């Protein structure tokens, strides 16, 4: 279990994200997980793009999601993201998507990530990245 | 030419929006046009989803876009949207996408829209929608 | 467990499906699951769109996926889809995505679906749809 | 004008490609343009991915599309792609999207491409690529 922060991001549902059922197509909730995860890194003072430029990648190796209630075009939704577990070479983020106006839970899920180098080899998570995942920001380390 | 407002929206580039060239895949700029257009309606006090519930649709009948410089993951971009022309049954929005930090122009374009009913027949733009397109908000009309 | 058929679909990776790691963005494998599921229905003589026109929907309520090896632009991939379990109001499809040339496993996963009516209420799976899910085609029933 | 071949690709509309109007979201026709363009290269014996590995990129610098009639989930569509013009540093592809069953025209458009190197500098189109764009296949050259 992580004692790190829960980061909230708000976004408005795009028409491009809806499908013929007039609701958000299911994989877009998982794209929103990515948006929430990116925001987690930003708010911890870390630019994930910089890590990639240094050859450290954090691809999704596993995803699980439950869709509880549909979002519609124009809805304002809140994505909550936090780190659930950190191991030496992998970490798990967890997510919750809520309808911003009412707080109704729309989806929950998690993604597991492996730390890999530019050759695609699994490597030990660098200590500065590990610190961010454990909830201490990069800023604090400097 | 329209004398209406130019509406600005900011968004951060998602990883899902990038491609194997490490830049934003070109059709996503056109999705951002949609985001800017939706924001135009919101800021004019209009909920486009409500119009659809009343059987008034405004699908894209034509699009043109020029890609001038690439956006990358994590970039903050500004989408500027305004109404360029309103006719009895169609209207044209124009757009500009800028890198928020520097103001560098990344893309420009326009979309033409036909007003159609729930049977897909082209119809005259309802006067309240026309007012919004001409830059007078729905709020003002009440 | 289902004794129904395993349906294979081949598709070529689109540039739009890649991301800045030069590999396929993870949610696109789940879109491919949908392509494989649709092909399952087609090959069982069923047009899913017809069911929706009759007010029977089969939205994804849960998804799980593991990403084992990356696909790249231009790769030909095989999606294998089959029904794993059918209950009175829900069913589970399972999937495997392979690199067509070598048979290398790229991703595995499953999706759970609830049968709902046009009001979004969960309903018992109609017997004809149930038959298709159990591996007997619609054709056979006529 | 080009005297090269017109390449046809067939694809079935994905649920992921539809939107809340129950029709295909407009930018997906432009993704299909990309699919048709990729198939053009394949059928000319050229693997575009190999060119990128050699540092030759062919990004979209401009796009224009007209949407004439909607495609729906499950529709089989034909994408026709051909080279319209080749200049020293840029080329233009043109496209037509048809409903396969009836031949009804759904969309038309074109994309302009600049030839750039791995630094993003515009360069002269290499002669082998130029040959492919002019309708002579890579195979013929060997």
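Note that the chains are named A, B, C and D in the order they appear, and that numbering of residues resets to 1 at the start of each chain.
Note that in this section a residue touches a chain if its C-beta (ideal position, glycine included) is under 8 Å from a C-beta of that chain, and two chains touch if they have at least 3 such contacts.
Treat the numbers as computed from the prediction; the structure is a model and nothing was measured.
Chemist: Which of the two pairs, A-D or C-D, is linked by more C-beta contacts?
Modeler: C-D
Chemist: From chain C, which chain is the farthest off, judged by mean CA positions?
Modeler: So the chain farthest away from chain C turns out to be B.
Chemist: Indicate the whole-number Å distance between the mean C-alpha point of chain B and the mean C-alpha point of chain D.
Modeler: Chain centroid spacing, chain B to chain D, equals 25 Å.
Chemist: Nearest whole angstrom, what separates the Cα centre of chain A from the Cα centre of chain D?
Modeler: 33
Chemist: Can you give the whole-Å distance between the Cα centres of chain C and chain D?
Modeler: Centres of chain C and chain D (C-alpha means) sit 28 Å apart.
Chemist: Residues of chain C that touch two or more other chains: which are they?
Modeler: Residue numbers touching two or more other chains: 15-16, 20, 23, 27, 31, 52, 72-73.
Chemist: In the complex of these two chains, what residues of chain B are touching chain C?
Modeler: 15-16, 18-20, 22-23, 25, 27, 72-73
Chemist: Which residues of chain A touch chain C in the complex?
Modeler: The touching residues are 20-21, 23, 26-28, 30-31, 52, 57, 59-67, 70, 120.
Chemist: In the complex of these two chains, what residues of chain A are touching chain B?
Modeler: That would be residues 12, 14-16, 31, 34-35, 38, 42, 47-49, 52, 72-74 of chain A.
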